[in-house]
Structures are given as structure tokens and as C-alpha cells.
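Order of writing sets the chain letters: A, B, C and D. Residues in each chain are counted from 1.
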Amino acid sequence: MNFQRLKPHFPWITLMILTSCVGVYDPNFLRPANLLSLAGDIVPLFIMALGLTFAIFIGGIDLSAQSMANMITVVASVYLASLGVGVAVLCILVGALLGTVSGYVTTRLKVPSFITTLAVGGVCLSAAQWLSGNRAVNMDATQRDAVFGWMIGRTGIVPNELFIAAGLLAICLFVERRTVLGRALKAIGAGELAAAASGVRVARYKIAAFAISGGLAAVAGLLFAVKLSGGAPSIANGFLLPAIVAVLVGGTPLTGGVGGVLNTAIGTLIVAVIRASMLYYGIAATQQQMVFGVVLILAIALSIDRSKLRTVK
Amino acid sequence: MYELKSVDKKFPGVHALKSVDFHVNRGEIVGLVGENGAGKSTLMKVIYGAYQPDAGTIMIGGKAVRFAGPRQAMEQGIGMVFQEQSLIANLTIMENIFLGYEAQFQRWGVINWIAMAAAARKQLAKVKLDIDPATITSRLSFAQRQLVELAKVLALEERIDGDLVILLDEPTSVLSKDEVTLLFKLVRELTSRASFIFVSHRMDEVLDLSDRIYVMKDGAVVDVVTREAARIGTIQQKMVGRSVDKQYYREQRQKPFDPGRVLVEFDKVSLPGRVRDISLRLHAGEVLCLVGTEGAGRESILRAMFGMLTPVAGTVTIKGKSGVGLNQPRAVARGVGYVPRERKVEGIVAGMTVYENMTLSQMGRYSSGGVLRVGQERALARDWIARLSIKAHSEFADCGNLSGGNQQKVVLAKWRSGGSDIMLLDHPTRGLDIGAKEDVYEMIRDMSDDGVGVVLVADTLEEAIGLSHTIIAVKDGQIRKQFDSTPGHKPSLVELLQYMI
Amino acid sequence: MSTFIKDFIEREKVSRRNFMLATAAGVTTAAMPGLFGSGVANAALTDPALAWSYRDRASAYWNAIVSGGETFVESLGKTKADMTSLINEGSSEKSLSDIKSFLAKNSGNCAIACDANDSPNARPVAEAVKAAGGYVSTIWNKSDDLHPWDIGNNYVCHLSWSGVKPSEEAARALFKKMGGKGGVVHVGGIPANIPAIERLQGLMNALKDFPEIELLDVQPADWDTQKAAALMSSFITRFGDKITGVHCANDNMAYGVIEAFKAEGITGVPITAFDGNPEAVEMVINGELLATVFTNPMWGGGIALALAHHAAIGTFVPSEEPNEHREFYGPSVVISTDDVKEFKARFMDATPTYDWNDFWGQSAGAIVYN
Amino acid sequence: MSRHISRQTITRWAPLMVLMVLVGFFTVINPDFFSLRNFARIAIASAPALMVAVGVTFIIVMGSIDLSMEGAVSLNAVVFAFAFLHFGGTLNSWGWLALPIVLAFGAGFGLVNGLVHVKLRIPSFMASLAMGFIGTGAAILVTGGNIVKVDDDLFRGLLTYRYLGFPLMVYMAGGFLLLAAFIQSYTRLGRNFYAIGGGEELAHASGVNVQRVRVAGFALAGMFYAVAAVLVVARIGQAESVSGANFMFISITSAVVGGVALWGGVGGVWNALVGVLIVGVINNGMVVIGLPDFIQSGMLGVLVIIAVVLSTDRRAVAFVK
């Protein structure tokens, strides 16, 4: 029974185990400053994963997140000059809008979100290539610092990204635990038909979930663009799989209804630690990817709570 | 020839089976009754090999056996006809019949479909079902599927040398009256081939079919009666430990409804499918029962009232407002509550707590600006848990882990607390034990007192007669007759049946 | 055209001669911090940890870069394992966070060579390295408005290879082979990548002088062999035998193009490529490729790390170097049928040895922006 | 009843109609599109993708998903190339041994994939994703990141030798497609995929060894990935750690576009074929009609959605994830 009660805490435990594994090998790793900056660097990925969580929470998936972020880096860089801080609004609106499109096609036209979001991602890529004229576009460094400098600075030893991440996490957590939207999404994830039979506007909430996912992907893109003070149609490549992995390792299985944004936070940290461990253990270049795969399997095997999965598909 | 000797089964916190003795003779039909949680399903799982007993022995033909799983039980001649349809919809009939036993039709790894079809026909003949074995199962009616299930189990007899024991778990739950009689006729004939263990909540059916009846309570067999000795009253007494009096359906609480207030009005409504020209009125405080055979159109009418089906013709009026463009959310907003037959699928959300389930239909009422007032939700839940004496450790209990009866209470509480005054009950007592059933009846009466209009699709005709003010007999999608059913002049079974069949 | 190779090899010889001077200079600069003490902006590091941050190990090009880095590390009397590989798998985000972790691990005592994977990523990398007090030199990807001297000594230098000129030369060779007329298609890399842009630009420049050559179409195949094969066969459908020449932005895609022609049984269409990978050189020898461009990645990989290392230990102070020593082109040379043998003998049969203290001997001049 | 059936037949043939419409569309804009040569080109480009799609179709029919194909194909390609070279590097000598070897190896890799999924009870999405990383990683490890060339003319005959206008590799793919179709409809394993996809618990209760079938399914898929790998090598004459790149989304998209339902139990290898052809035609056609490169990815997305919308029996599905 105790074991049962432990299950929800597996992700934490996994994270601790991994961290201590690295820490034992090289105590340097455990220096607070180091851990903080490690966490700070993973923030854009985390924000994207945060968005994906909503899509996965209702049993869907959002494969457009990466292309979305790509496009947003371009949008942000191109319009920063003309719009100033307003560009942030633009970015988030665009993201949410395209997310809404995914949601609409998924719910109304009944196309699996796997396909819908993949397709919308393609549209984003085209848009990004068109808008950027297929070139890397740069922000004016001074203006960037003026408008968004606060995003990437440090307060003491704490990277400001962490405050942003914490803020978003808090909001998402509140939405998930305390709002009609969050409750509805949980109901949809756990029992869509029952939710429908209770008069919940299922389609509407699903679309909302994808919109949130899109919006957060946009935030991730914006932050990344600021960090790099520039954008390109391919600059956020390599985000998607780690982000999905982060959500899954955190313990939000694709079956929906289980897990949540807090799990994703932990999942993202797990990914960060695994990556860092490559470095600290000095894994040879040719072996890193393989090791990553193996560790990943172990981490997932440890972290997911199977008690709520009826059949493992 | 099949025997359980002092079989014991424990689960964490529960002593599910207390040294149960049980035996079935060749060609015998044994009934198994008991309230939910009495241990019936555990016993069945032990019998067909899904559970292994902690203590005691299983004997077949005098020698002890032990099953690692259903598969092994089957090889020993134990077959199971499941309550939930256990046929795979996207496979053909023959594939379903021989699922897991395709090997016999394989030559060099190749399945010989002709041979399988032939063999399948042989099985289908046993259950007098003349249909192409290559038909996709999803195209069959419930009754047909039930027969295919039976054929599937009967297919065991070619495979094994010993005798067959077939468990029938609530086989009649999805069948209409006439289909039930057909099934029973068939089962009796089949006793030449196999023995049956018949599990049902419908006492009358159990008495009708079984030669001997095992009565279970709290994980133990409290009585074994022969058909001759069997009396519903005494058995129910043994099951519930109290007597079920004449007032089972709370007739004494049935008050006349208010003909002045029409809640729902159907005028010549036709629905997609074969339901047409339905005209009816539901009044405040009225219990309106729809009776008819499976697929006669009762569910369609219910779903139309809840906005899940859009009429192709005619007008629906709900509380004086036109029902055009009605959908589930709008229906709920107008005070319609729907208690679905598929409780686990459409009724409750497993994995969510009791209070989350109760407010699912009325989150607007418990939130301001989209933010939920969880405190109030929990208060509400606690209140209703107490009112309906729902057995849950707290409002935080996962609905998925509650018993059927308590789940049903949660569903009802959801709508009642939301102030729904048009309640659509689709088999509300399906699979409930007597205790829980009585609670449901009480609630229906309470609702009537509060001026709620109830549309009921009952589990049994007795139930329909007992509970209703008005009964509408539906056949082939059309209303055949409307009965007044106020106490005193309630229609008889026979009267109803002649308009249903 | 063999002159290119000649000059190339010449330059190496020459540079070997002046390397005494170079090191001499190095020694003096190295002494300076000692003399002026804290007067110099940054105190030199001792035995900094070495790392190469690059895309992946899945291509001959990056392998050459890495082997260059490794030979340099060995020239310091260390082992290959002393150079950490930071693999970004084409993800700028990972590239940055890996470098940061590496800096943190060695508390800034680092000399890093890096391809930032996407040009905007170069700035945060440089800033991060500076913040940690390490030293970095970058190759390929850097946004035009970012210059090492703006960041300071910690951003030692940026090394790149002009895609335009050699790509133009390759194109000219191609057009000559085509007899100055006909139709050509360009199989491009990931459109936003600077090399892709430059190599296309080179083609465009060459076209100006060949009015009878028609550029039929330009499509990207994302540096990918299979995509290039599919793209080429689609081209063949669309243009048929109008295609009398193919200009590819790198070798890997050229392999795909060649296979596409092989599948059609079409022969004799001249193809040029870029990168000078061993396989490509072989193809030039047996005539499957008309020409490819060699950028000597091994040297680039070694020298980029060498510069970071020597700046770190104070062999020289970047701020005292002229700008053309902090942003410079590496050597790039067209290899075509008539000089390929020479080249093979020099660079493939015999592993060339490089003098890692001769920092700018092979520089092809300061980077020019347009 | 009849309406039911007709609706089903419509959706069954919808993907094929979509394919025809696309072919017609591209032909109208550029008649060259409609030529045996071009169809051969599309076939060559599609053959490896088809084998991957067929493999993953078995998995999807079971209601699971497999994302390991990219790593698997890369590793298989490399293994095949090394084996081929080791056994003399030509079909004249013992080079042909590489084929059975790689098939066995591919099945083995799939087997491990399945075991990780079933035995560790990790949802297939995650398990296969991780196995994909391992596959690519292993490929990098053994090649050191270098290209392994296979230029035995006899072997390359798969690409260069044509019969009735199509190169041999197309026929090879066709052969394995038939094998897949046979497994799907004439073997116990094949039918059990559908049983599990239609109702896993029911299948289990009926005595189907679900775990074993699942593992077998992944092994089977792995074998088809191996075939795909061989075709890749045949097509471009080289194996490297990126040989499998880009196969993941293309293959799954193709299967769904062809009418395989992600929720399991519906569709089969023939749907996969049509799907792969749809995607192949779109990719080829967009270049043939000279669409600007930056529009193409968006266009592909839109066309795919349209294709899926037309080819899924949406009234039949309660809701879509």
C-alpha cells in the first residue's frame, strides 16, 4: 500500500536519483549556481513542454510546437523594430490562433491531432521561410536589451528565465487545478464521453487546449529569439522530441487525464540532468545518443505511474 | 462434476470469498444470486480462471485442477459469456468464435478461411443463428451478438473431451423480453451439451431458468435452494438480510402529477433511424415510462430530449421554448439531466473525485470568472454523500473505485444538485443490487415530489409499472399505446406486452 | 586550374617557414601579461579544458573537423579524450546549454571551439563564454553584426569559409564543361544556412558571364542525400534533357543527384559539389563529379581550437591582433579532374601534418560582409 | 443497414480517389507528370518509405505506435552495408548473405523494442522513441559517422536494371508488400493484430496471448524496417547514420492518409500503399509543377489534412484524440 502511495512521487524520486548520480561523480555539479543556470538554460524547452502538456493531457499531441517556435523567432525578430514590446502580444496571438486552427481541425473535422498539428507545423515552416526570406534575421541588440533585456538577465545567481518559467508554471498549475478550464480538460482526458454527457462543451475546451499549447510554444519561441537576439526558420529545431520526452518522463502518459504541468516541470529537469550527465561523465561523442536512449528508457520505466493505465498501448 | 471446495479469496482490505462450496452437476443450470459486492463476480472470476483462489480446491470430474488463466480454464471446458459484449467489433463472426484457437485452421501458417467458415456455421447452428460467418460483428444486433457469444463458448465442446460448464453473466441485460425467452429456450435445450451457471439481477429470470440457486452474501454462500423450494421473497430476504415488502416500488409515495405544467412536449417528432411521429408530453412531477423491446426506439427518444439526436421532422418544446438547435450543453442549461445506461462510460469520469464529478455539469455555478470555488464544491459533495448515504471514504474518493450503486448515486446527485427538473433515466437500476435499487426508487419519488419530470427507460417491466404515472409502449419506432398508470389502475404485464411485441 | 592546388600547397610551405616568427611573436605576447600584470584585461588561464561544439558525428565533414581538433590536442601532449565533444544535434538550444554546462563544470577555465549551429546563436554563446571567463572561437555560423572585438578577448576569433568565390569557380568550371550553354539546376542546402546562401550566390555570380546558360530552377534538399535524389528525379521529369549541368551546395546532395541520374541511365551530365569529402574526391577521380571544393576542415577544426587555446594561455592577446586575424576566411580550393590526383596524394594518401602555432598562415583574408 | 455499408465503401475507396484526383491535378498543370518514367521515379522514391509504412501499419492496427523507425532504418542500413562488404562486397560471392542477416537483425531490433514496451510496461510511444535514439546512436557508433559505400553493380542493379519500365527495387518492395498483405489476412498473427486493435482485454480474455502478439508485431515491423534499409542502400548506394532520417513522420502520415486509423483495428497494408503514393505524388508533383520551395511544406500539410478528412469515416468515430 505504501508503495501505491509512493507512485505519484516517482518522477521526483527519479530526478533526485539522477541528480545524485551526477553529483556523486562530480560534486561541482551540485553547486547551487550551477544547478540554477542549468535550469535556466532549459527554460525555453520547458515552456514548450508546458504547452504540449495541455495537448497530451486531453489525450492528443501537438507536433506543431517546434515549427511554431521557429516561426515566432522570425516574427519576433522582424517586427521587434516596428512594434517594440507589442511584438510579444503579436507572437502569442499568432501562436494561440494557429493552435486554435489545429484544435478546430482536430475536433470539428475529426482529423487526429498527430496529423493536424504536423500539417499546421508545415504551414508555420512555410510562413517562417517566406517571412524571413529564408535567411537568419537579427534583432537590434540594443533594442532587444531595452525591450526584453529583463528576460535574460540574472538576479543574484538566479537566471531571470527561471522567474518567467516559475510564473508560467504557477499560472498553468492554477488553470489546471482551480479553473473550469482545467477541470474540463481533466474530465475530457479521463472520460470524454462522460464529460460530453454532462453538458461540457468538449470541442470548445479541446480547441482551448491546443490554443494554449500554441500560445506557450510561441512564448518559448519569443524567449528563445530574445536569448539569441535573432531568429531563423530552423533555429528552434531539436526542440520537439526533447519537449515531448520531458512531458512523458514527467509522468503524463499519452492516454490523457493523468499527470499535469507540475510533472512536466520535473520531466524537463530530468531531461536537463540527463544531458548534463553526458558531459560530466565524459561520454564519448559517438556514444552519447545511444546512452541517452538507454537512460531515457530507465528514467521512463522509473517515473511513469502505470496504476491508472488500464492497458499499456 | 464441477466442484469448488471451501474456496477462499482475499484482497487487500477485503475478504471476498469465505470458504465457498459450490458444485454443478452435468446438464444442470445453476443460478447464482447476491447483492453487488456479495462476491458473485469474484466467484465467477475464480471459476473461469481469471483469479486463483488463496485456499481451497477446484475439482473437475473428481480431480483437482489449477488454472493459470482463462485460457487454461477454457481448455478444461469452462466457458464464459460476458455481461459486457465480449466480441471484437471489427472482426468477423467466425474470427470471434475461434479467436485464440485459429491454429486448427492453419496449414503451414496459412489460415483456411473456408474451413473456418464451415466450422463457424456448425457452431452457429447450435444456437439456431443462420447468418454468414464472414459478417463483421459490428453489424449484428445485441441479441445476435449474445447468441454468437454462446456459440463461441459452445465451440469449446469440440476442443475438449470433458464436459462443458458455461457461465452466463447477466446475459439478458441487453435483451428484450422475447429475446430473453428465446435465449432461455435455447439454454434449456443446450443442457444436453453443457451445464450452465446463470448469474442475473433479475430474480424472476433466475427462478424461471435455474434448477438450483446459490444465494451469496458478504462473500459466503448463505443458502442453496432448488427451483421447487425457491420463493422470491425468501431469497431476497437472504440476500439483503431484510424482507422486501410489497411497497418495493414505493407506490404509496406516488402522488398525482401537475397536468398544468408541461416540461417537455414532442409533436410528431421523427428521428434519424426508424423513430417517427412521436408525440408525447412530460409534466412536472410525472414519471413517464417508455417500454418496448431493445432497439424499439426508447433510447433514441431519450437522446433526442437531451439534444444528442436532432429531429428530422416535428417539433420539440422544452419548458415552452423551442428545442431547435438543442445540443447537450443547451439541454443541460435548460435543466435536463441524463442518467445514461453506460454508467462507467457516460455517467461518471473514473479517475476524478466524487466532488469533481458532481459539479461537472454545473461548473459555472461553482466558479466565478472561470475560477472554481473548490470549498463550495466539496461542501456540496459532502452534503449529497450524506443525503444519499453514498459509500465513499470522502469527497476525494475516486469515482472509478466506487461500487455501481454508489456511482449511480453520484450521477443522480450531479443532476439533482444542479437543480435539473427534467430527468432522463436510461436503465437507472441496471446492475444494481436491491438495496441500491430501492435507494434509486426513493430518489425518483423525491424528484416527483419536487416537481421534477422523469422520463424512465426501466430495467424490467415490473419496475416500469411500479414507478410510473404514465407508460408509453414503443414498437418499431412508433408509439403504440399510452397507459395511465396511477396506483389502483396500473396496467398488467400482459397488457403492456401485447403492445410491445 | 591546378594552380589553385599549387598555390595552396605553396602557401603551406611558406607558412611553415614563417612559423618561427609567429611563435616568437607568440612568446612575446605571452610574456606581456607577466610584465604588465593586471594591466592586461584578462589574466591568462593555465591548462584550460578543451571542447569542440559541433552538430553531430554523422558526416565526414564534422569528423574531419573533430580529427583536426584531436590532432591539435595531441600536439599538446594530451590524449584525444582530453577534448570534450559537445554535440548539439542541430539544436541551437542544446548547443548553448551544453557549452554553459561545460563552462560551469570547469568554472570557466575553458578553451572552446564551436559552430553555433545557427547564426543568431553565436552571440549568446560568446556572451556566455565571456561571462564565465573562458575563451571561444567560432566557425561558420555568426550573425553579421556580431564581431569578436565587440565582445572582447574571450571571443578570440571567428573562422569561416567564403562560399561565394569557390562556388563561383566551380560553377564556371561547370559552365565551361557545358560548352557555355544549356540549362543548369541548383540543389541547395537548408535555405536559411549561410553556406547555402553563399554557395547559391556564387552560382549567380558565375551566371552573369554565361548569358547562354539558363538557370532552370533552385530547390533545397536540406543537405540530405535521399532528398536530393528525389528532388533530382522530379527535376528530370520537369525539365527532361534540358538539364545539362547540376550545381550542388554540398557533396552529400551530389551523391543523391548522381544516383538519380544512375537510376535513369543518364550519363555525362556534369555535376559540381562542395566540401571535398574523400568520397567526393574519389568521384572526381573516376569522373562522376566534375569538381568539388575543399575547405580543409581538418585544419579548420585544429586551428579554431588552437586559437582559443593559445588566447586562453596567453600566447597572444586577441585585442592586439588586427581584425583580419579575428575574422578570417579559411582556405578553400576547387578540386577538379585535372588536379585531383595531386590533391589526393597530398591530403588523402598522406595525412598532412599541420603546424598549430601558425595561426593565420592559411588565412584567405578578412571576412567581407555584403 | 445499406446506408451504413455504402458509407463504409465510400470511405474505403476515398484514399484511392484522392490519389487519382492528385494525379489528375498535377497532370493538368504539367502533362509530363503523367508518364511511365515519372511514375517509376515516384515509385523509386516511395519504395523505402512504403516498407516503413507497412511495418508501422501493423503496429498502428494494434492500437500502438512505433517511433523507432528512423534509428532502426539507419542501424539496419549500416549493418547491411557492413555485412555485405564483409562477405565480399558483391552478390557474385557471398554478399547476398547480408540480406537474411539484416532481416534477422531488423527483426531482432524490433523484438527488443517490443520487449522494452511490453515487459517494462512502457507505452509504445515512449519506448519506441527511446529505441529510435538507441538505433541512431548505435549506427553512429559503428560507422564513426562515416559513409559506407556499397557500389557492387550487381546489387545496384536493384536500381539500375529495369523491367517494364520499373527498377527491380520497386518489384522487391512490391513482393514484400504482398508478403505483408498475406501476413495481414491469412495468418493468425495478422488477424490477432486486428483482434488486439479492436479490443485488447477481450482478446486477452479469449485466450490470445496479447503480450506475445505485441512483441511479435514489433519484431515484424522491425523486419520491414530492415527491408526499407536495404532499399535505401540500393537507391543511393551508401549507408550512414542518417540513412533513416525523415522516415518517422512521413511513414505515419502516409498510413493515416491512406486510411489506417490511429485508434487501431482499422485499415491495413493496402491503405499504407495508397497513403505512401499520395505523399510521394504530392512531393514529386510540387516540384514538377514548379512550386516555390518555401510554399511546399505548408502545401503538403494542407493537402494531407484534406486527404485525411476525405478518407476517414468520421461518423463512425465517437471522438478523436
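The rule is simple: a contact is a pair of C-beta atoms (placed from the backbone, for glycine too) under 8 Å apart; a residue touches a chain by one contact, two chains touch by 3 or more.
Remember, it's a predicted structure, so these values are computed and weren't measured experimentally.
Touching subunit B and subunit C at once are the following chains: A, D.
The chains that touch subunit B as well as subunit D are A. The greatest centre-to-centre distance from subunit C, using averaged C-alpha positions, is reached by B. Comparing chain pairs A-D and A-B by the number of C-beta pairs in contact, the larger count belongs to A-D.
As a whole-number value, the distance joining the C-alpha centres of subunit A and subunit D reads 29 Å. The geometric centre of subunit A is 44 Å away from that of subunit B, both derived from CA atoms. Per-chain Cα centroids separate subunit A from subunit C by 34 Å. The centroid of the Cα atoms in subunit C and the matching centroid in subunit D are 36 Å apart.
Contact of a single residue of subunit D with at least two other chains is seen at positions 140, 144-145, 293-294. Residues of subunit A found to touch two or more other chains are 129, 134, 193, 196, 286, 288-289. Among the residues of subunit C, those in touch with two or more other chains are 57, 191.
Contact between chains, using the touch rule, shows up for A-B, A-C, A-D, B-D, C-D.
Residues of subunit D that touch subunit C in their complex: 30, 32-33, 35, 37-38, 41, 44-45, 140, 144-147, 149, 156, 159-160, 167, 232, 235-238, 240-243, 245-246, 283-284, 287-290, 293-294. The touching residues of subunit B, when paired with subunit D in their complex, are 50, 69-71, 74, 80, 82, 86-91, 95, 99-103, 106, 109-111, 113, 139, 152. Across the interface of their complex, subunit A is touched by residues 12, 306, 328-329, 331-333, 338, 340, 342, 345-352, 356, 359-361, 363-364, 367, 370-372, 374, 414 of subunit B.
Within the complex formed with subunit D, the residues of subunit C that make contact are 56-60, 62-63, 191, 217-220, 224-227, 229-231, 233-238, 240, 255-256, 259, 262-265, 277, 279. By the touch criterion stated above, subunit C contacts subunit A in their complex at residues 57, 66, 81, 84-94, 96-98, 100-102, 104-105, 107, 118-121, 123-124, 143-145, 190-194, 197.
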